[in-house]
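Have a look at this one.
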Amino acid sequence: ACQEASSEKEDEKEETNTEENASDNNEEENKEETADLEGSVVIDGSGTVFPLMSKLAENYMTNEQEGVSVEVSRAGTSAGFKKFLVEDGTDFNDASRQIKDEEKAKAEELGMEVKELKVALDGLTFVINKENDWAKEMTDEELRKIFLADGGVTKWSDINPDWPDEKINTYGPNENHGTYEFFYENILEEKDLVEDVNLQQEYSTLVKMIEEDKNGIAFFGFGYYVNNTDKLQAIHVDFGDGPVEPSLDTIAEDGDYADFTRPVFTYLNVDLAKEKTHVLDYALYVMNNVNEVAGEVGFAPIPDEEVQESIDFLEGLK
Amino acid sequence: MMQTNREPVHVQELIAKKKQSKNLFLKFEKSIPVILFLIASISILTTIGIIYTLLSETIEFFQEVSIVEFFTGTVLKPLSQNPKFGVLPLITGTLTSTLIAMLVAAPIGLMTAIYLSEFASERIRKICKPLLEILAGIPTIVYGFFAFTFVTPLLKHIIPGLETTNILSPGIVMGIMIIPMIASLSEDAMTSVPNAMREGALALGATKLEVATRVVIPAAFSGIVASIVLAISRAIGETMIVTIASGSSKSFTFDITESMQTMTAYIVEVTGGDAPAGSTIYYSLYAVAMTLFVFTLLMNLFARYISKKFKEDY
Amino acid sequence: MKYVDAGQVQKRMNFRLLLNAFSKVIFFLATIFGLVVLGILIYRVLSDGISWINIDFLTGKQSTMPEKAGILGAILGTLWLMVVVAPVTMFFGVGTAIYLELYAKKGRFQSFIQTNIANLAGVPSIVYGILGMTVFVRALDMGNIVLAGGLTMSLLILPITIVASQEAIRAVPNHLGEASYGMGATKWQTIKNIILPAALPGILTGAILSLSRAIGETAPLVVIGIPALLIPFPGSIFDKFTVLPMQIYYWTLDSSLVEEYAYLAAATIIVLLFVLLLLNTTAIVIRNKFQKRY
Amino acid sequence: MSAITVMEQPKVKQRSNVEVLRTAEQEKDVVFDTQNLNLWYGDTQALKDIDLSIREKEVTAIIGPSGCGKSTYLKTLNRMVELVPTVRTTGSIQYKGKSIFDRSLRVEELRTQVGMVFQKPNPFPKSIYENIAYGPKIHGIKNKMILDEIVEKSLRGAYIWDEVKDRLHDNAYGLSGGQQQRLCIARCLAIEPDVILMDEPTSALDPKSTLKVEELIRDLKDDYAIVIVTHNMQQAARISDRTAFFLEGEVVEYDKTDVIFHEPQDRRTEDYINGRFG
Amino acid sequence: MSAITVMEQPKVKQRSNVEVLRTAEQEKDVVFDTQNLNLWYGDTQALKDIDLSIREKEVTAIIGPSGCGKSTYLKTLNRMVELVPTVRTTGSIQYKGKSIFDRSLRVEELRTQVGMVFQKPNPFPKSIYENIAYGPKIHGIKNKMILDEIVEKSLRGAYIWDEVKDRLHDNAYGLSGGQQQRLCIARCLAIEPDVILMDEPTSALDPKSTLKVEELIRDLKDDYAIVIVTHNMQQAARISDRTAFFLEGEVVEYDKTDVIFHEPQDRRTEDYINGRFG
């Protein structure tokens, strides 16, 4: 099984630009070198990472291993960890924040080896209604004030007297989501959110809410913004050096938007990966292809060294 | 005398010969009531199963959260760092959506029933009833989709302050979904009022409306009330419409233009595709489900009680 | 002395008749209201989805790319679900109905079971979902496979099936059974050879209608947990699966991610409604064709 | 239009038919004048060329074998027959000189003036009081005092007041069959009609109740025109002034009751009366 | 046990009752011997102290007014009455010398030997063939050839073969009422019982069909003991050898048919036969 997996890996490395044709050709080559794998890979977790993971899963199943069934759910980062950190849990847990100490402790308690695989970079994007023509640019500090309970801002005019004297309606994903926790921990530094913030389980609901609320402002992953540029506009955030529009370039490593950029991960149950060849194979596939796919679904790629580091680790498991 | 020149068949002798195998069969026959009884007990097992699962985890939950806090708390923040488990926001959400649904379904359903049983010609009735049944047969997910993508935007034109997710729109759509239920059950109750009673009133010079409102409805009253109670129970338990169209905000409010969460929607949200076992949130699921179950059970028993107790004696 | 004044009666008559006519119109409009909504609903779904329905959509695999996405997986999932639900509910539903109608002594116990069944029919579907998740998925450790979903759905529609079967059995005239007993048939022979065949159309009609309920249910499956992306087709009752309503649910939710998903959801709704219409028509045809010939 | 005279001692008036007829002969006006009436249920003709006039302050009995159209004719008089959607009629019926099929005449009005009592007592599932008050109420009488008075008067008029006065607010279904039927008559009296149509009003009653109702009918005719359908020839002979014999949708013979019963002109009438068929 | 003799010309045997009785007198054995039979439905007694013996190769008629217990008695003979859960019996019925209430005797066995034909023709909703083959099949006879033979023989025995032989596999509901009743008799013959119980077998039939069935009954008695309940006294007189007159659950009189009809011993029998009540 090890041999099969390793030869497969080489193919994948060659197959950098994932074009339909290229992969088709590769597939034929694979047929000769690797046996078909079978089994299922179970992924749950972040809704932010879901588009990326589902894309990868689909490509894997159509182009690489038809016999392997990769199923992707998206209960949210925290909910996902709860299903990951149990006996015979999920194989991967997507996360839009880093694993927490108590979650690590839980893994240790179970004697479970967990590997963090950084897969992409996501810019936390603040979106407003299309008709909002005043708040297109804001400083990071102003954004914080809008969302903080004691930020002193409830109306647009509290920020800028020229802006409408209307109440700001704040929205965001609920606590099931890593996005919320990233926002709460890293941006608000664990200070309380405004009392009436409207937290939702579904991103689609948030998109719709901002689309229809002139005074609404919401935060979520960049991916949910780029797919809805016709309905929403993103706030250009001024981190001190002038307003920066979130984009694949700016949210990249060391980009101008980096302050609001966060890495997103998938966590691998290493024990299961050792046990099941196809899980490891899929993990390798993810790392080998993630940077290609990331852009399509609104993520910035991570540096090649980091990818290589993960790949080396995974290779070591064989 | 038979055309065939074989010995005539002697059936009773043949039967006697087969007796042996018949005896075996009769033994099997004896066990049939027992087998069927076991099969029938599945329905009781189901009830026991529901009550047992809900109850045992609910008890677990109440060891972590006080029962008083649960039933009187107005703050529901199951996921936050220091979670709060007040069920009142969910109860108000559920009751509000049910109330809205009933405000739509009860009058329209009743008027439909009256029209079909008292005014409509046989032909119209024959056309309308199956069409209404289609309405009842549409999956709730479709209604959810409809509420979210059609009714809410439509209502926004009328009520500008309406939020994108609100309890009003799913409430209305739920009501529409329930119309056929009230209409058909009430119509059954009304048509079972004997015609002699209608004739008695008509012969006094009553109009059809007067016959309907003063004779038929009072006579069919228990059936009508039972249909409404059953519809309430249905509305309380309805899940997908509210899940899709009312969002998941858990504020304790009575503003129907805002998003409210119902008990059912809470269950969907918390399971979020697959509930993580063992946590307080997980147990809260059962506590909420238990509350929901008790609510609907009471409604069902109440409906049965009404239709039995006040069975019309004409 | 005269109490009923003719003139007054006359005057009031105008008002009463007007009110009567007016109410008739209002009641008619109320009746039409539901149908109008039905019309709008169907029109919207059709206009959004019909152009997305083609062979590739019906026979394709699930995909994140709208132009490649298909729903064969969901259709097969629905079919596999029925492979579990249909026999299980038929077996338990008809069995229970036979017991209650033909074996159980009329009395407290029988009426207790009957009340219990009526109450089960009113239990919200999501509660069945929780039961299924707790018992089949977790306790029996099946995971979210077809079998677990199917058993959950079976429990959900069992009460409806039982009641429909009971009615069908009750509708079989007594004299048929008597004729059979008179020939020396045993009770079971009579049930098997005479009563059940005569009740079968009614039982089937009821069963099909309750199956269509199971096909349209979403909530219990949401609780049991159906993956948002599951490309392989289910091949047995032990496989993971998705069904049409779940696909609609996910596509509706994800329409913010990819706008076209909304159309895919609408197209899937069309397919689902078509399947339900087909089932209901079958039920009606069976009902009409075999309606009481005795 | 006549008002109900409240009778305190209901049993005083017992006159023979002959006497009634004698005093009546000249003065009585025609209330219902039926001419050439034909009626079809769908394709089957139930009434054929009916000519019949119903007179004020008389009891007109309609007899005939089952299915001959008695009920149909009765229900045509207050147009209740039109509740059957397939019904079609030709010919004319004049009520006090006006055609009842006239478009300007509303059925509700007609039925207010032409009361009806049915074969099976059909009280509403309400209290005794509400049963009687129903008619006046729908005609707009709301005053509680007036209603009380009407209820009492009507119940007295139907000879049932004494039996029910202590339980006016009990459900009417607690009454016996005979009481229920008298209640239905009282209900009819409450709207002070001119004509009362009765379709076998005693056929569901025991002999004792039957006698009571017959007695009541005899008294009511002082104020009302009464048309009664009956299967019971003795009853027709006992209480009616005129009798019409129906056969297969036709009026075979219509005359004073004693003529019909003692010197029928038509062979078929004679046969029927002597129990030779039906 | 008797076998059916298939008759090619069913109409040859037409003997008068008297002749039948004469030849029968000595030889006939008692098939059913009822003694002291009492039967209750819950608390109401439907049969009181019945003593009655049914003889082989005879037609025994049971007459009496409605509700007197005729059907109940008939259904007691093959224990069908026990399908009503509240039934309670005392007394004895011997079938060929053995008590039918004996625990060792299974009702199914009894009913195999004692066939029954009901008031309303009640064929199964199956083909004609399947209707006849039903009995043999449930008793384990599966051989297609034997079944074919039984079906033909039984249908011939019930004089209906010629009418249905070309459509054996059509649904039995396509037959007329009279044909259906003869089919039911054929169905009963198919298991070659010793006794055939008939509960008003012709009351749902038109006169022509009735005559056909009566003729059939007269012929069947050569091989079977037949008990027939009938409302129709002429019928009883026409076809039966003995007649029992039931009244309010009791046997008022039981004797040869001509005795019952011409010199009844009991006043009530005479009254009933002369149509003075019932």
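In order of appearance the chains are A, B, C, D and E, and numbering begins at 1 in each one.
The rule we apply is simple: contacts are C-beta pairs under 8 Å (C-beta built on N, C-alpha and C of every residue); 3 or more make two chains touch, one makes a residue touch a chain.
Chain-to-protein mapping (UniProt): B = Phosphate transport system permease protein; C = Phosphate transport system permease protein PstA; D, E = Phosphate ABC transporter ATP-binding protein.
Just so we're clear, the structure is a prediction, and the values are computed from it rather than from any experiment.
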{"item": "Touching chain C and also chain D, the following chains", "value": "B"}
{"item": "Contact-graph separation of chain C and chain E, given in steps at minimum", "value": "1"}
{"item": "Common touching chains of chain E and chain A", "value": "B, C"}
{"item": "Which two chains share the largest set of C-beta contact pairs", "value": "B-C"}
{"item": "Chain B and chain E: spacing of chain centres that average the CA atoms, whole Å", "value": "53"}
{"item": "Distance from chain D to chain B - Cα centre to Cα centre, in angstrom", "value": "49"}
{"item": "Distance from the mean Cα position of chain D to that of chain A, given in whole angstrom", "value": "87"}
{"item": "Rounded Å distance, chain B centre to chain C centre (Cα mean)", "value": "13"}
{"item": "Residues within chain A bordering two or more other chains", "value": "73-74, 202, 208"}
{"item": "Multi-chain contact residues (two or more partners), chain C", "value": "16-17, 186, 225, 227-228, 252-253"}
{"item": "Touching two or more other chains - residue numbers and ranges from chain D", "value": "108-109, 112, 138-139, 191"}
{"item": "Inter-chain touch pairs (all)", "value": "A-B, A-C, B-C, B-D, B-E, C-D, C-E"}
{"item": "Touch list for chain B against partner chain A, complex", "value": "77, 79-80, 148, 153, 156, 163-165, 247-249, 251, 259, 269, 272-274, 276-279"}
{"item": "Chain B residues within the chain C interface of the complex", "value": "25-26, 29, 32-33, 35-37, 39-40, 42-44, 46-47, 49-50, 53-54, 57, 107-108, 111-112, 114-116, 119-120, 128, 131-132, 134-135, 137-146, 148-150, 176, 179-180, 183, 207-210, 230, 233-234, 236-240, 243-244, 264, 267-268, 271, 273-275, 277, 285-286, 289, 292-293, 296-297, 299-301, 303-304"}
{"item": "Interface residues, chain C side, partner chain B - complex", "value": "16-17, 19-20, 23-24, 26-28, 30-31, 33-35, 37-38, 40-41, 44-45, 91-92, 95-96, 98-100, 103-104, 113, 115-131, 133-135, 138, 144, 155, 158-159, 162, 186-188, 212-213, 215-219, 222-228, 245, 248-249, 252-253, 262, 265-266, 269, 272-273, 276-277, 280"}
{"item": "Contact footprint of chain C on chain A as seen in their complex", "value": "40, 42, 50-51, 54-55, 57-58, 61-62, 69-74, 202-204, 206-208, 223-224, 227-228"}
{"item": "Residue ranges of chain A in contact with chain B within the complex", "value": "44, 73-76, 78-79, 82-83, 86, 174-176, 196, 198-202, 205, 208-209, 211-213"}
